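Two complexes are shown next, each including chain A; its partner changes from chain B in the first to chain C in the second.
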Partner chain A sequence: MIALVAAPFGLKPYGIYLLSLWVVMTIAAIGLNLTLGYAGQISLAQGAFVGIGAYAAALLTTSGWPLWMAFLLAIALSLAIGWLLGYPALRVQHHYLAFVTLSFATLVFLMLRNEEWLTKGVYGISGIPRPTLFGWAAKAPIAFYFFCLGILTLVSLATWWLVRSPWGRAFTALRENPIRADSLGVDTRRYTLMAFAIGSALGGISGVLYAPLVQFIEPTAFNLNLSLNLLLMVMVGGSGYFLGPFLGAAVSVLLPEWARFGSDALYLIMYAIAVMVLMAFCPSGLLGLAHRVLKR
Partner chain B sequence: MNPVLEVRDLAKAFGGIRAVNGVSFDVREGEILGLIGPNGSGKSTLFNCILGQLAPSAGEVRIDGRGITGMRPCQLNRLGVGRTFQLLQVFPQLTVRENLILAGQEHQKSMWGRLVGRRDAGLGEAADRMIEFFRLSALAQEKAGSLSYGQQKLLDVAMAFMAGPRLVLLDEPAGGVNPTMLAGLRERLREINAMQRATFVVIEHNMEFVMSLCTRVLVLAEGRIISEGTPEEVRADPKVIEAYLGG
Partner chain C sequence: MLPAFFVLAAMKFGGLSFTWALLVGLLVALLVLGLLFKQLVVDPILRHGVLPLVISTLGLALLMKEGVKEFYSAEAQGFPSPWGGTNLTVFGAVISAQSLVIIAVAIAAVGLLQWFLAGTRTGRQMQATAQNPQLARVLGIPVDRMILYTFLVNAALVALASFLVSPIYLAKFTNGELLGLAAFVAAIVGGFNQVRGAIVGGLLLGVADNFVAAYWSAQYRAAIPLFLLIAVILWRPQGLLGRAEERTV
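Then we have the complex of A and B:
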């Protein structure tokens, strides 16, 4: 935590931007980790919820509404839509569920692109203002970074509480053996819907921070690539580990940028090979690997 | 005394195969009913139809006089019905203690109450007592997946009792358990039956276990009940000897 507070000092604006992006993506990945890592429900739609949050923030704040209103709207929207997206999970699982959520992600992207009256389509929305809190303007990169870090802290604490509560235990049971869980009184339907709703809401929160971070959004930022990237963060970090999304987002957001300064042409290939090797030999991700090594 | 469980003309067909074919029986409070029969005779299908895992093709199931046909397993569990499965079903990534807490937590408070309430849902002591009762104390903090098969089986059975059920359906509790552990399991079941007046229905192939535990036995063959009575009566029934026990 101290390292995270000290980190932006001495960094150039681009470094602070990357650090902020890591914070924002971590929040979305924490949400997906809840849905996928803890409750075992695959989703390829997390990027779409980031998009819903980002557009809620962009549309409201450029019309003069405060950012906290955008938080409320994004959370309400993503909770409700996430809950609905959970219904297919009651019928289909695994790669079938992946396809259902993938279709949803595509649908959201097409809506963001085509419904120009609302979203301005491919032209995007620019001039998204950064928030002012109790008279403190989070306009400078470093100030906005701390604002995002504050939200990440709140999200982390809430998630920590959730996964250690009886709900977290029920999510794990749902992932490991839904039939047995059901026979023990765990309402697997409701917990499945909850896992989708809460995970999606965190995607929405991430989006509300993403919009004022980049200050210009357009639909391609929230296409399937983002959902796949978020999935990669969860898997690489360690699906079902609390700290997995933090590490996964760091690998996905910071590592390519850092490696890029080394060998421009090779870094993507090296990165892809590293991820493939990791997934082949340790599907439980980096934290799973660390866990295995420490147990020896 | 009113029966705890009433099964009337229950049938389940898979295509042309009638796995359960018009089965009727009652289970009285405090009774330990054995359900035996050859492989494929419909025992587990009957369990799954009673417990909402499968929708029966016909017939009715009542618990304490209340129709429960078509209810979901979690709803039945909240009515006080517990079960174990034929294959081992514990949660390998949770510790023994957490498996037991999970098995009872949904009976505590409301869903929101559980979210903001205690981490162990107020079941920590009850779980510890159950761990001691089933002689699993040394393993309380171990992940269930790291236990031996027999130990997991004990945990599996213990979980079915965490919510203090009135009726428990046990599907082959003795399968794969060594003789020493089996004697312990039988004692535990007898004690729970005596202390809590819990009613059991037990599917089992281990005849010695069934005959020494159960007060009454039903024999199923090809989806129908072919014999019913005390363990001695059933063992002497020529139809049972022919269909199942052998000469």
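Then we have the complex of A and C:
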């Protein structure tokens, strides 16, 4: 924790940008971890919810509204859409949520691109201002990094509380054995929907932070690739582990940048091979590997 | 995407003519996308579950794309086609010979596959393996070899699709993503456990996609497969021609 606070001092602006990006992606990954790791549902739409949050923030703040309103709007929208999306899909069979979220993610991307009257389409929205918190302007890279870090801390505490609560235990029951959970009286459908909706809301929060971070957003950043990347982050870090998203986001955001200095062109190839080898030997991710090593 | 680049590499580095390069490309595709894919990627990971396999294939896709981009070229390459740009006029409508050949080859391939699965002994053994692997093993069917055959057939069909499509879309390392997604959706819409379902799904998807693009909205054409997918999942989850599969509790 102290390392996180001390980290940005002494880094160039690009390094601070990377750290802030890591924080933002971790928030989205925590949401996906809730849906996937704790409730056992595969969601391929997390990137779309990040996009919804980002565009909500961009549209509101460029019109002069404060950032906290964007937070509220993003959370409300993501919760509602997550609930509506999951409702018909879960009626049918367990893994069809994956297909429906796949379609939804592509649909959101298409709408962001085509509805130019709202989103300015491929031209994107630029000049997104950074927030001012009780008179403290979070405009400089380091200041904004601390703002993001603060939000991450709040989100982590909230998720920690959720996972330790009876709701969290219901989620775990859903993941381990949904049929047995059903027979014990746990309303599987409602809890799955809740996990998915809360996970999506966290994606929206992440998007609201993403927009002022990069200060220019356009639809391609929020297509299926982002959702797949977030899924990769959760799995590589260790799905179901609390610190999994932190590690997974670090691997996905920071590792390619470090490796880039070593071997200019092959870093993505090595990253891809590393991911495949990891999945072959330890599918419960890096934290699962650590868990196994420590248990011995 | 990859088989087309195997052919191009055979022509460029091996100096082979187009027909020989096609053959070499097909064989290499069978080897790499069939045998190696199964032995190195699917077998070690599948026993851990489906989701790690999904992530691995994400990594593999990245690897293939970056590999082609690095070791061949990042630019789109022309892919030769034996029938060129000839057009036929049928009842006043102009149809390119390319399209007719693609349809003919696709129908022939599916017909051949259907005959293989239903008519030959190996095909029936493959079906038995799919329906009940344990009982198949009891009956003496080499289950692992049947699974390998499935991957080989897949590799061959993928190579065929690549050779047919690359002359139109040019060979580029980003090819195949949209097509792969459409193929996936077509398989689900048609019904996962029937070959006929794949034809129906593919045809329905292709026709709907193009009609929507031409007569309604070109921007939302990519949404048609998705709407079809959601409609099928809600109202007929086993696909249009599939059989409903029960789960044991």
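The rule we apply is simple: the second predicted complex is superposed on the first by the 288 of 296 C-alpha atoms of A that agree within 3 Å, B and C clash if a C-alpha of one lies under 4 Å from a C-alpha of the other, contacts with A are read in each partner's own complex, and residues count from 1 in each chain.
As a working rule, a contact is a pair of C-beta atoms (placed from the backbone, for glycine too) under 8 Å apart; a residue touches a chain by one contact, two chains touch by 3 or more.
None of these values were measured; they are calculated from a predicted model.
Engineer: Clash or fit: what happens to chain B and chain C when chain A is overlaid?
Structural biologist: Here the two partners, once superposed via chain A, fit next to each other without clashing.
Engineer: Of the partners chain B and chain C, which touch A:179 in the superposed model: first, second, both, neither?
Structural biologist: Both partners, chain B and chain C.
Engineer: Check whether A:271 is in contact with chain B, with chain C, with both or with neither, and answer first, second, both or neither.
Structural biologist: A:271 sits against chain C, while chain B stays out of touch.
Engineer: According to the stated criteria, A:65 is in contact with first (chain B), second (chain C), both, or neither; which is it?
Structural biologist: neither
Engineer: Would you check which partner chain A:236 touches, where first means chain B only, second means chain C only, and both and neither mean what they say?
Structural biologist: second
Engineer: What is the angle, as a multiple of 10 degrees, that the CA centres of chain B and chain C span when seen from the CA centre of chain A?
Structural biologist: 80
Engineer: Which partner does A:110 contact after superposing on A: first (chain B), second (chain C), both, neither?
Structural biologist: So A:110 only meets chain C here.
Engineer: Comparing chain B against chain C, which has contacts with more of the residues in chain A?
Structural biologist: Of the two chains, more chain A residues are contacted by C.
Engineer: Should A:187 be classified as contacting the first partner (chain B), the second (chain C), both, or neither?
Structural biologist: In the superposition, A:187 contacts chain B only.
Engineer: Quick one: classify A:169 as touching chain B (first), chain C (second), both or neither.
Structural biologist: first
Engineer: State the minimum pairwise Cα distance, in Å, between chain B and chain C in the overlaid complexes.
Structural biologist: In this superposition, no C-alpha atom of chain B lies closer than 9 Å to one of chain C.
Engineer: Show me the chain A residues, by the header's touch rule, that chain B contacts in one structure and chain C contacts in the other.
Structural biologist: 179
Engineer: Which of the residues in chain B end up touching chain A in this complex?
Structural biologist: Within the complex, chain B contacts chain A at residues 51, 53, 72-74, 77-78, 82-83, 85, 89-94, 98, 101-103, 105-108, 111, 114-117, 119, 121, 159, 162-163.
Engineer: If we count contacts the way the header does, which residues on chain A are in touch with chain C in the complex?
Structural biologist: 42, 88-89, 91-93, 96, 99-100, 102-104, 106-107, 110, 113-114, 179, 228, 231-232, 235-236, 239, 265-266, 268-269, 271-273, 275-276, 279-280, 283
Engineer: With touch defined as at the start, can you tell me which chain C residues reach chain A in the complex?
Structural biologist: 41, 44-45, 48-49, 51-56, 58-60, 62-63, 66-67, 70, 181, 188, 219-220, 222-223, 225-227, 229-230, 233-234, 237, 249
Engineer: Show which residues of chain A lie in contact with chain B when the two form their complex.
Structural biologist: These residues of chain A touch chain B: 162, 164-167, 169-170, 172-173, 176-177, 179-188, 190.
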